[in-house]
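Two complexes are shown next, each including subunit A; its partner changes from subunit B in the first to subunit C in the second.
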Partner chain A sequence: MDQHTPESPRTRGLQMARSMCWHCQSAVTGEYFCERCVKVQPVSKETDYFTCLGFPRRLTLDQKKLEAKFYELSRTFHPDFYQTKSSAEQTISLGNAAVLNTAYRTLRDPIQRAEYLLCLEAGSVKNIRTSPPADLFEEILELQDTLEAYRSSDRDSQKGRELRVALETEQRALDQRKQEMEAQLQRLFTEWDQLQDRGEATSQARAERDRLLKQMRDLLSNRTYVTSIVNDLAATIA
Partner chain B sequence: MTRIVGIDLGTTNSLIAYMKDGQPYVVPDRHGRTMVPSVVALTDNGLIVGDSAKEHLTRSPERTVYSVKRFMGKGLVDVQDELAYFPYQLTETGGVIRIRLGEKSYSPPQVSAMVLKELKRRVEAYLGESISQAVITVPAYFNDSQRQATKDAGLIAGLEVLRIINEPTAASLAYGLQEKTQGTIAVYDFGGGTFDISILKLKDGIFEVLATNGDTHLGGDDLDRLLVDLFIGQVQQQHRINLSEYPDHMQAVRLEAERAKIRLSDDLKVAITIELPDGKGHFTRELTREQLESLALPVIERTLAPCRMALKDAGLTPKDIDEVVLVGGSTRMPLVRQRVEALFGKAPHCHLNPDEVVALGAAVQADILSGGTTHMLLLDVTPLSLGIETMGGVMSSLIRRNTTIPASAKEMFTTYVDGQTGVDIHILQGERELVKDNRSLARFRLKVPPLPAGVPRIEVTFLIDANGILNVTATDMRTGQSQSIEVKPSYGLSDVEVERMIEDSFKFAADDVNARKLIEARLDAETLLKTTEKSLVEAGHLIAVDEAQGIRNALSQLATVKDSTDPRAIRARMAELEQAAKHLNVVMLDDSLKKSLQGKKVTEVT
Partner chain C sequence: MAYSNKVVDHFNNPRNMGSFKKDEDGVGTGMVGAPECGDVMKLQIKVQNDTIVDAKFKTFGCGSAIASSSLATEWLKGKTIEEAQQIKNTDIVQELNLPPVKIHCSVLAEDAIKAALADYQKKTEEQTPSTK
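Moving on, here comes the complex of A and B:
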């Protein structure tokens, strides 16, 4: 454990006013570096991950371009390239690299990307589901019973084998269900992107936006719920 | 610019490498050996390290430390099961193992520092410049405490550790530099004490680790132990002797087991000879490769589960792997190669020397840090999930395993009781649900201003830096004030202790240098004695009688002083002997020249 707090380059006022270089106090016009003193600038706390990686807020991204941008920015910010610089610059590069890594990790995965976008657009934390979605309610309650019976049964007995077969069938059904949800999500993602691309400011567009956000959120939380059930199931019969 | 070196601090062997004109080189000793055995022995004349210390394994086992890497960042409970295998005495103070060597106890970082100092001396003598900065490698699966302990070892040895990098990824850098490949590679690193698997994507000079897994307690040492147990059991059965009661014999058995294992990588059978205590003769048998393999198979199989996990975490299947790179001495075993080939469905790549490739990669990373190599960049991951203890003894994950580093997570803390002035935070590493099944890293107390419950808002940032080491900072969101955090490591040395050890290491440096000089002087004296005696026998008749007598006198004087503790006295006597034998050597040379010329035609000579 590092017992020293890494020296902080007095970044406080800075994160709010990134327009001024922390080092030479001149106005920052460059993207990541001060054009006057060539010092690296900290990524503002307010910068969202899309902006950080230079992508529009869309749910379908070109993975290749995303990776290329991530590599390019890694070459810009990675601490390896700041070893010979001042400790203030090292701290900034460390912080920026950490933000960049989180941004890339989040945007790389379509589900995480959508959850993040929801959070940005609707300003709320993930809504975590603790009870099964309505259309799966019966099925999942029944599954819980079967799981319970299987756990307490002798796995090599006739009964154990039957339960196992039942669970495997159920696993396939849930997997199938998960894939359907993902396909449906993908359709919503496309709709969202199209809506954004049109860039309309009508009340109809706003209503459309709210509908999409709500549907995505419900679907995402249902998917998370099903995923955890599937994982649990897989672990039990593994 | 000052030079940064790369160091592979291994369980069994350590190496040091440097970069020149874009190519890494391993530093050899004067005999051309590149590996320094990671062995430290306490002799009557002080501490010695490396090949000369290795000779003491059987001579004074209780004062000769090997495989110390297994104890880095650990408490005694962690190694309870294997205590019986180590002939030296282990204790614990403040959550840190201590190794008894004579009158004193040393922490594992201190012992490792002795190995590091030896490497430092070696490179300084070789390059003729002083070295103060290094990149040191660790197993990818090392946790925070083990990494921190390695960093401490560097500090104690007088080295600024600019970067801790993972062994398999270091190997990938050396591999990438040579092969200039693009694609997905798996690095399978099976050494003396640890096993690592890393899966990387190589593209346009970026080495992106996709996933890593391993076992920091699985290596060639474990194979040796299986053989040791086999031999001991048989000796017990056939001779009714319990060898484990004889530490020096145990060491001999261990060395014999390792020798046999290594031989069986090339041969199909090997003869085993173990000397029994108290002049009871020898135990002998034959060991076949097949026998070794049937014993070793379960251990080797244990490396496959981490490989599958890493593939799964990377979202890949074996057929997505373009190349499998083998690292570590234990990958020389044919059975290991077979199993790896079977798992990945392709023959592994073995063009690189598996002993040296990690040190070479560390030198490449050192060159990247010093600004020499600019086209390569390693993006590594943290091997284990990091979290904090929450209600009910459950771990809440903050940074998941296989997250690219540097990585950070923020967590907001508040109070439950009015006027509460502190919040205790317990940091953990591991993949399990419950706190008790994970590794405790450290605890600290967050200072909170006394306010009504729920009002304080302290944001804690957990940052894993590019070394894979955790840094914690906290900010009071109401005032914007940041507070420094005193973290108490669960299994590590405190800063104060490290400071003291650094001081100690300087204090004893003089003793150490003396011990080393003495050993070198003795070795050189022995060589000189032998060669001069031989010359006397061969050519004594060619010189005057009193001249020969003079040489004999100088010989016996050197022989007496050789065992003293003063290297300068030994060197002085050596100089005298060399002087006395100078003429003899000339005469011998002439004589042998003459002999070789006899019978040859004159034309051949000119």
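Moving on, here comes the complex of A and C:
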């Protein structure tokens, strides 16, 4: 995945205060342009994708608004509008357009958005990784054996047909499970947003925050495992 | 990038594929996964007199993950517990010529070895009550 992990999420919010226009050296107060000399400003490396697209750090967001903002900024930074500008401005606008594309691609997908938020909030995903789901792993490995048996069987034989029926049943069950996981994730997303909106700094709120991050981490991981075997299954019986 | 010949060989002729019963005496089980790519690896060792006499694996994942775990079981056989602890993912990378994008597969295999050893040690401690 090409999403970048900001080195220090703690510095967010500060980048505007200490940034200076690269051209006229005055303090930059505007979003992407210097208000004094109207030159385009580079998106700071520390700017997270939410800030980049002007959205709060939430897991439920309005897709239409996100798209509209993306198109608006895409036009703003489009290289065509910088053809007559200095090469410095051309480079900056091109860099901004690239960051913007990645930001939009990451945020428009709810799962990628959540993975990204976990990176921002937890620093490193590894820190909140829990023990692997052994039961799920056993199931996946067992299913893989069945898939292997099906691949090496004569599809038109009695055995091949039986295996196929078993795999189709398994596929429905797994699809169902994936949907349940996604519904559960959606509930956690809502809980997370509500917690953020309340903005409490109590120890309870912190414990709640950690619980939500951990649960989201586990569910996202488990969803990846299930997706991976489901794709393999679908490709095998297609 | 194409797989190296060694990866292809392990992929086509995986060594020691299968599993032991988890509760069998002397068996240690390591179960690990890579949430980034969805790969799952199970690696088991059978230990007698502090020496790994047999090892088996089952892996759901890409060719490199399968080759890494297959190679790991080959290396584990005949090693003492202490020697097995020394196996590093970089050894696997080197032996299989894994490209940078596949290094995480070797990390997964090292994690699986460590998990299997830890599981075995936990089991033996529980079985032999402290003599102190």
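Definition applied: the second predicted complex is superposed on the first by the 208 of 238 C-alpha atoms of A that agree within 3 Å, B and C clash if a C-alpha of one lies under 4 Å from a C-alpha of the other, contacts with A are read in each partner's own complex, and residues count from 1 in each chain.
Rule of thumb we're sticking to: contacts are C-beta pairs under 8 Å (C-beta built on N, C-alpha and C of every residue); 3 or more make two chains touch, one makes a residue touch a chain.
Small disclaimer: the values here were computed from a predicted structure and weren't measured.
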Examine A:Q83 and indicate which partner it touches, taking first as subunit B and second as subunit C; both and neither are also allowed. first
More subunit A residues in contact - subunit B or subunit C: B
Of the partners subunit B and subunit C, which touch A:L118 in the superposed model: first, second, both, neither? neither
So, A:L94: does it touch subunit B (first), subunit C (second), both, or neither? first
Who does A:V40 touch here: subunit B (first), subunit C (second), both, or neither? neither
Once the shared chain is lined up, is A:R75 touching subunit B (first), subunit C (second), both, or neither of them? first
Based on the superposed arrangement, let me know which partner A:T102 touches: subunit B (first), subunit C (second), both, or neither? first
Pick one for A:L163: touches subunit B only (first), subunit C only (second), both, or neither. neither
In the superposed arrangement, what residues of subunit A touch both subunit B and subunit C? 1
Under the stated contact criterion, what part of subunit C meets subunit A in this complex? 31-33, 35-40, 42, 58, 60
Using the touch definition from the top, list the residues of subunit A that touch subunit B in their complex. 1-6, 8, 12, 71, 74-75, 78-81, 83-84, 94-95, 97-99, 101-102, 104-105
Going by the contact rule set out above, which residues of subunit B touch subunit A in the complex? 1, 144, 148, 162-163, 203-204, 206, 208, 365, 368-371, 374, 377-379, 403-408, 427, 441-442, 463, 465-466, 469-473, 480, 482, 484-487, 489, 492, 494-495
Touching subunit C in the complex, subunit A uses residues 1, 125, 129, 132-134, 137-138, 140-141, 144-145, 220-221, 224-225, 227-229, 232
